[in-house]
């Protein structure tokens, strides 16, 4: 029992980070039809910005985190849009897929070249106490992960539904042409989505790195999980991405504990295929929203 | 002029293929072989992606299926041809099956399904040790001998590869200029219109996957005697991406695109090796630039130049229509 | 009006979307060689009817027969085999293929078998026929251009040529006049009429452009709120009070 | 039509152009002997490969400064395999084409198992850093290890489990790749022999994020000790999770578990972990080398640095014994050879090779005590 609880709780904590990556992924897809194959690297990189600030500039952690966030938003949000995505329009098809794939190699190799190939320890954002829930150990970090990602979903949903900007972003996502006519500055709205995505990626990076460590190749695993979470949950739903993330996190652990360890990686993939074929709009998603 | 020039140039190309390995080191010949082999796989993907417009990120896993079948059979003492045929057959069937998702979803979603499939194949080939040798893979596969003419010598094997390459390419050329090729393009350009003109788009989608995969099978059947070692990692997702890169960089939907692409993807890193740790960085940056400035690939650049020189650049009327809808 | 078997027979066709009944048991026949116009104010159910006939939508009730064969549940590519050609409201050529290839691909599926199409001649022996078709629509000078590079009107012509290539007995034209400039329009109409006269092909036309319909069609059916409110020769319909009311929203 | 034709030539030209520029048997100065290093400078194995290479370069600097081998200076070219077996095979071919006397590398077993075929065919001795058992079980007369293979290392743990820890039930956590599999298989065999019951057999994926399930399983299994055979980052994640879930049993590893890198990464969770280490960088004998390495590259090496270093020295000593640059004789001489550290200081430890190229050498039991790897005993080479 305690074992079951243990793996479920840990799965939730890990899954919540997949969710953060997946949410940005979903937003980008909705508002800019950009499927970002470099999303994993987007989660890998910000941790290194922080490490640079810590070890090269010798800043305190809080300042380093802010620096990391800011740099991420500029590099992975602004530059990504201006330098890679924007010039490619209207070819948001195969060329963009290829470009983002190339970008992921670029970021990976770049990081390795300029910070080194070795995994780096990343300072914990929280004291490392663990408390025990019915015999299951839960670290403060786990709780932080969960609460943050939940908070993000609530905040984002409120932002998108309650604020004018939010509604404009949604309008842009649903029908750019009409939004334009209604006087929405669609270009800017799209830019906002890119910035939000970068910020979310940075957040995910800061949350996962204390446990997962900072390494140039982290994106390979994280990226796949982000895709799967986004699609399983529902490509046109923010809370869908959350559900997807948590689901993948938990299922992965449950498979490993009770079914098979050597095929643990297979389950999320099978789930992905099944969902795409039987519910292309995801478990939580609704059939309207973007045609795929 | 055109009519006469073309066969001449083809002959020149053929001649280059024949003289290329002469006096070269084993390493260069090895590179040429892998260029030819990956070209075959890319030619296949080009049919699925370039002509029929169905994206697939699983081409490497089909190379794997071909390679493993060939390896297992040849190690069991069967002739290479048998292993190759079995591999190609399996790829055709599995490819057909992988085509079904394409009937339901397109674009990115199809990319994800095939991506997942590729990783699943990797897991199976790693875990089913009894069949595939697990993580250690299979090694020391014998090289084929043609009518008692052994290909153990690197150069001999090269010519053997050239032969297989030419036959495969010729067959594909036949396909793409047959009415099938025209129907594939129609499917890519406008499936609904194609369907309304009596083109059975469902069947066409499946067959596009099947044939494309079968080509990967041929490539795989050549990989195992060339490298004489295969392991699950040799057919991981990253290799599927490489093949995709070949097709797109070369120019999807152009017959010679994938071969040109393979030259770039396999030989450019070699040329950039002197930059040491930087070559992957430069390489990936170059790809991004290409996609930004010429999404239709290198051959696209050529076409663009021709338009620049020849006739005036045209505006895509279907884009205008798009604006009206 | 000939008494021979109708090319297209629509019987009590109904289609509802949720609460809205877009088409309310509509019945009509179309006879060989006719050019039938389907008109009606927006939301009158023209397009729904059209899509039901073409199997894009599954009707809730009623039947559609082409040359005596039911087409219910048939895929578009099978419909084509039954001799039903169509054009689209939006541009529907294959932009990255040459005009000649557009035309040939439209005909090739009716020649030989799957295998003969793989191993037979690259053009499926259709070049001559296709060139005639191109000639007929006066597109010969554009024969080897990419269809996507043609002007809007020219693409409409290619679209029509493709619909005719399979030698259909019935062609459904979905707003052929839409977005085509006047000179082009005259040409298009003239070609359609000629083709109809020469081959006796039956047309069903959905169109907003009254001038065009009135001058093109031999018979007109007027739909409003999913029902047939009038039917007859252009002049009768033009004079019909209910029609006028329907259009003026009376 | 014309376009296509031009393209054939374009492709062909590109090929031939490349062929033309391809470095064929790079001519090297007469006064030097060529020892290329084919190893993982990028990709997953970059850390191990780079250390291996730098260790080798360190030795080369020293040897060349002292006049080289038989008066010839050593020249080393690097070939980056990107940790990809097929690339490594190609580069092995390239290195040999360039006229290698002996080849250093590769470190990752998955690559070595591929490229050793090439070296064998060309009859070029190969000094590998790999530790997977199957390397030396292929009857390849040209392959030589620079550290004991898992089939030597893991068994040296058996007495420790059996007698020191008095284990009856044991668990094993291993990374499911060629490295992990190698150790795992040997371990299972050993435990069977020793009559210790393996109650939990837990493979994990490379780059796995969440080790909760792995640890929970071991905890549930009621094992009295666990054998942890993972890559460094996975080691660290596993140890953190074990600490979090309060897994109290002794965690014993082979080579990596008590390495400084793992200690740093695991943020204190490595405390009290044990490991059998062939080349413990913390062992006094290596003190001097570790310092030299840090001075040269201002970073700490792992055991791979030592491997590369002694690899080069072995080449020097053996060549000087046979008195000429003769690949065949070199390989022949090295089988069954023992180099005493007293006479051959570059080896740092008494080292012998059996006739499969397997290496025998004293090894160490280590434990992590207050954030440092400490040698708690030596295991004699049997």
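Annotations for the structure displayed:
So that you can tell them apart, the chains are marked A, B, C and D in the order they are listed, and the count of residues begins at 1 in each.
The rule is simple: a residue touches a chain if its C-beta (ideal position, glycine included) is under 8 Å from a C-beta of that chain, and two chains touch if they have at least 3 such contacts.
Note that the coordinates shown come from a computational prediction; the quantities given were computed from them, not determined experimentally.
The fewest steps needed to get from chain B to chain C, moving only between touching chains, is 1.
Ranked by C-beta contact pairs, the top interface belongs to chains B-D. On a Cα centroid basis, the chain most remote from chain A in this structure is C. One finds 73 Å separating the Cα centroids of chain C and chain D. The geometric centre of chain A is 32 Å away from that of chain B, both derived from CA atoms. Note: centroid distance chain A to chain C, computed from Cα atoms, is 49 Å.
Distance between chain centres (mean CA atoms), chain A to chain D: 36 Å. Looking at chain B, residues 126, 277, 280 sit in touch with two or more other chains.
Chain D has residues 42, 176 in contact with two or more other chains. Chains touching one another, given as pairs, are A-B, A-D, B-C, B-D.
Interface residues of chain D facing chain A in the complex, by the touch rule stated above, are 42, 44, 46-47, 50, 176, 202-205, 207-210, 212-214, 216-217, 219-220, 232-233, 236-237, 240-241, 244-246, 261, 264-265, 267. Here chain A touches chain D in the complex through residues 3, 6-7, 9-11, 14, 109, 112, 117-119, 121, 124, 128, 130, 137, 139, 208, 211-213, 215, 217-218, 220-222, 225, 249, 252-254, 256-257, 261-262, 264-265, going by the rule given at the top. Partner chain B is touched in their complex by these residues of chain A: 29, 35, 84, 87-88, 90-91, 93-99, 101-103, 105-106, 109-110, 112-113, 224, 227, 231, 262-263, 265-266, 269-270, 272-273, 276-277, 280, 292.
Taken in their complex, chain C has these residues touching chain B: 54, 75-77, 79-81, 86, 88, 90-97, 101, 104-106, 108-110, 117-120, 122-124, 146, 148-152, 155, 162, 165-166, 179.
On the side of chain D, the complex with chain B involves touching residues 1-16, 18-19, 21-22, 24-25, 41-42, 78, 80, 82, 84-86, 89-91, 93-94, 96-97, 110, 113-114, 117, 134, 176-178, 181.
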